[in-house]
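In structure tokens below, several structures.
Paired with chain B in one complex and with chain C in the other, chain A is shared by the two complexes that follow.
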Partner chain A sequence: MRKLFFIALMIAACCFAENRANGAELRVPDHAVAGQALSIATSGSGEGTLLLIGPGEVIKHKIRLGENVEIKGEELKHAGRWIAIVRGGSPQSQVFWVEPGDPDNLSFLARPSRVPVAHPGVISGVAFTFDKYQNLVTQPTDVTFTLSVGGTTASQKVTTKNGIAWVRSSSAKKAGAAQFVAKVGDVTVARVVQQVASDPCNLRMHIAGENKDGIKVQTDAIRDCTGNPVPDGTIVTFIETDNTGRSVVDARIKKGIATAELPASQKAHISVASGVVLGNELNVGGGE
Partner chain B sequence: MNFHSRQSHRDSAMRPAGPPSRLARVLVFSVGLALILSGAMPLARRIFADTNPSVHLTVANAAPREIEGSTQQSVLRDYTAAWKGLSTALAHNTLAPLDENFTGFALDKLTERVKDQQQNGLTTRIIDHGHKVDAVFYSPDGSAIELKDTASLETQVLDGGNVIHSDQAQVHYYVILTGAADRWKVRVLESAK
Partner chain C sequence: MGRILIIIFVILTLGLVALGAIHQSATAPASTPEGAVQDMFINVQGHDWHSAYSYVAPASNVDLQNFTKDLTGRDGSLRTYSQLESVNTRTLHQSDDSAVVRTELKYSTAVGAFYDTRDLKVVKDNGQWKIMWAAEKTPAVPPQVIPVNYLRWDVIYRGEGDDWGAQNVENPRVRILSMNPTQYGGDLILMGEVENEDTVPAFVAVEATLTGKNGQELGEESSFDKTSHVLLPKEIAPYRIDFPGVRLSQVKAANMKPNSLLVPASADPVIGVMHQKVEKDAKGRTVLQGDLVNESGQIVNIPHVMATFYDNSGKIIWVTDGYVDHALLPETPQPFAVSIPEQIASNLHSYRVTVNQYSLNRQE
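This part shows the complex of A and B:
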């Protein structure tokens, strides 16, 4: 029993001694920053090899034990958990941490790329802050978002949380290519958000011509509720109903107006619509 | 007389010893059990290293958008797969598990790490004891999710077959996932103090 106790005590003492020896042979800095030079102190004598195993690289240096090892800034690119191992005799190792550098890069997501005018909270911008070596900068940093279109500009400053800043914005009343810019320090990233006319407003049509072959109907200039012309190519649907049945014509807007030829009828009811928007109605043969 | 005395000594030597004490039996059994366990534990670790790590995901703190149930399940599935892929890639110095689960900066960094390991004859064995993951950001358009992960990891660095470093620690990670064609992929995986 005494022998067993003695053996257990010896093992514990060896473990403790080994642990202390490891700590003494390799000294890594408490504070290291990606892209900045680093000095690692070793003890002992003779030749050895220093291995630095980081999140995205392995650095290997031949060293003289007992001397400081200088690691260049450009070698130490990645932030996170590193392991330093000295080989020469029995391996000695230490874990140390490298923090990200200052913000030097932005990833900017602007959504959507095309948006109708005058819609509240429809545009979102998300910015991720990175340093020179693409490490996520988790320290709070101010990011300025600017949305400008047609001479109007809206700006907002947001502080990052966990490396991310985001903003939600309304689309402007005027159609056009809006510049959506995120800025941190001297770094600026721009995206274009195309603001297009919204749904038609006050959709109106009139009879443009009538003969024995058909009725020609034409809309007035089609605009949205803030006065922006609805883009050419948008579908406008004309529906003619009479005692013989129903005729439907889908026409595209060309140069701001839509035109359709409907079958001739003694007495017909004609309606017009675009998307979910209904326009005026006409009665042909029985007067409007 | 002389003969007699020698005979007497032989008798005492041949006399069967009494039954071993209970304490001795327990000690022998304990030592045997310890030996078996010391051999079995590394084997078990290797077996379990190839299974999925345990990941516990909380989405209550996600903002500005709430994470839907189906998205939560796919994030859990894909993040678990990413850690399994990372362990496999670092243990065998293979790139395929990285390509399947990582993208962008994370893929670039881990690819470089695996290539450097291969060049230096190193491998890294990660024995994954589980992750407590908190979703902290879900972008308004649903294209990006940020997670904060507290991982319990045992890390062994091997040169050839020899372990040259071993440690066990709780490591905090910032993780950004972005949507890919059929899954979430890890775009940023950064450990922090």
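This part shows the complex of A and C:
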């Protein structure tokens, strides 16, 4: 009986030793980068299967235990936490981290797309740095923001935090399409921020003609307080008041000026306004 | 027995169909001036223009076509989309051979009821009461070229294929300039003005949410058609939001929300509002009246007048509106009138009139 027990113990020990001899051991690299080739060392003998399970991706390879497994760069696209599992003999697994590659893409949000001139801190730019496979590059990276309009350029270098860099800027005094550019390495993304004239300033009109049918009133060239022409199509309201009542024409600025034809009157008071901005007043028949 | 029943039902059915097919038509001579007016408009309601025209005195010098156009409207105006709903008549004075009948017509339209009051002269013609129909004088616009070179705004929105970071075109900046809550009858009315501060056209709608004393929501309403929706740059429009059955004392707060969208628009047409005056109408009511002048070369089919009234401190005390049932022909004045409640008229110091327009053949 003792001999029989000893034989059984020996058989079990042999099986365990055989199993241990065929068992795989995994060695994953300390530093892996998305898009770069990777070598995973295995030990043991015989055939097995290597599974790499990552964010949104699974890679499966038939391998020979004891040999290094080469993973191509284009297979390893996603940065994040990966698990390598070897099946064959006793299963083994290792966790490793893949870091994003160098910045290769830039997502740039510029707001707003249209802004009045000479307003402080109204333009914001946010840049997200991504590698070739759209992994957010979390390593600190310098992003250069440049805002240029009408020959003037303002530039600012900002280092990303967790893959994001942002800047806030004032609108220029000159109206026009401002080029707002974010740059990382050789990657450049441009947005356009339309800087538009602000409210009219020093709105003035004059009598441009008078006959029995009506009084033609016309503004001078309408500009904002920094000298930019107020865009065509802007409403300018002319109001004539006389003893027959009040007449109003909401004229549109055309080629920089607004014109309206008001009813003829012997004695009338005429005023002009655009939005909440009031202009000068005229008295027809009674002098200004 | 069954066959007899079938025959009875068939005859009954045919009889009812025949009755239904007969239009209510009254061409019998009217015995009174008021009866003549009533009979004519009953035929108008039934679209029986020939029968209605039979009540028109030959001395009116109006043909059937013009008479029909007077009643059905021209040029795609609001009248062309209306239906005569009811007629009230009252004889103002009468002699043996003539009378004046005040006729209050109520039309139903897509934008609500529309009222028209006419004092019709009725004369005896060969022993029959006939109406002297004063034909509308339709101004003939002389052949001419009206150069219209106002700009229009087109919008290209962000496309599907664009980078997710690429910005879309910004919605216009609009601002509520003022808001004044007023109790009018049993309703709470919020009124004020909104401005498009931007350099592009905006489609604007003002919404308001009322919060009660205990923090509960009392209601949510929008300005609907009591505002000008498309505002050009720097345009100021009145708005009015009605909360039926809500009392001002119930309200703790009103949350105003001006929504704006960037829309394609045209700077044309320019509509002048001329000779505005506050006066009393024939019924003794206070009205703001004036003339609308379309300075464009295209017909404006449905003009919508909005009037804002201010007290002597510049505060808005009333906002009202009215549709004009005639189209605006180019360069042709068209009268309008909007009524003012008496309690508002007594505090009225100044006013402002703006005009919306709806045109059939115009592309925004």
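Going forward, the second predicted complex is superposed on the first by the 258 of 288 C-alpha atoms of A that agree within 3 Å, B and C clash if a C-alpha of one lies under 4 Å from a C-alpha of the other, contacts with A are read in each partner's own complex, and residues count from 1 in each chain.
To be clear about the criterion, contacts are C-beta pairs under 8 Å (C-beta built on N, C-alpha and C of every residue); 3 or more make two chains touch, one makes a residue touch a chain.
In this text the structure is predicted, and so the values were computed from the model without any measurement.
J.: Just to be sure I read the superposition right, which of the two partners does A:Leu109 touch: chain B = first, chain C = second, or both, or neither?
T.: Both partners, chain B and chain C.
J.: Name the contact category of A:Phe128: first (chain B only), second (chain C only), both, or neither.
T.: both
J.: Taking the superposition as given, does A:Pro91 touch the first partner, chain B, the second, chain C, both, or neither?
T.: first
J.: Quick one: is A:Phe145 in contact with chain B, with chain C, with both, or with neither? Answer first, second, both or neither.
T.: Touch partners of A:Phe145: none, neither chain B nor chain C.
J.: Both chain B and chain C contact which residues of chain A?
T.: The answer is residues 109, 111-112, 128 of chain A.
J.: For chain A, which residues are in contact with chain C within the complex?
T.: Touch list, chain A to chain C: 107-114, 128, 189, 191, 196-197, 199-200, 230-236, 244-252, 254, 260-263, 274-276.
J.: Considering the complex alone, what residue numbers of chain B touch chain A?
T.: For this pair, the touching residues of chain B are 23, 27, 64, 105, 108-110, 112-113, 116-117, 119-120, 122, 124, 136-137, 139-141, 143-144, 146, 148, 155, 157, 159, 164-165, 167, 169, 171, 174, 176, 188-193.
J.: Where on chain C does chain A make contact in their complex?
T.: Result: residues 149-151, 153, 163-170, 177, 195, 197-201, 232-236, 267, 270-277, 290, 295, 351-354 of chain C touch chain A.
J.: Given the complex with chain B, which residues does chain A contribute to the contact?
T.: These residues of chain A touch chain B: 1, 4, 51, 53-58, 60, 78-81, 83, 85, 87, 91, 93, 95, 97, 99-100, 109, 111-112, 124, 126, 128, 130, 134-136, 138, 161-164, 166, 168.
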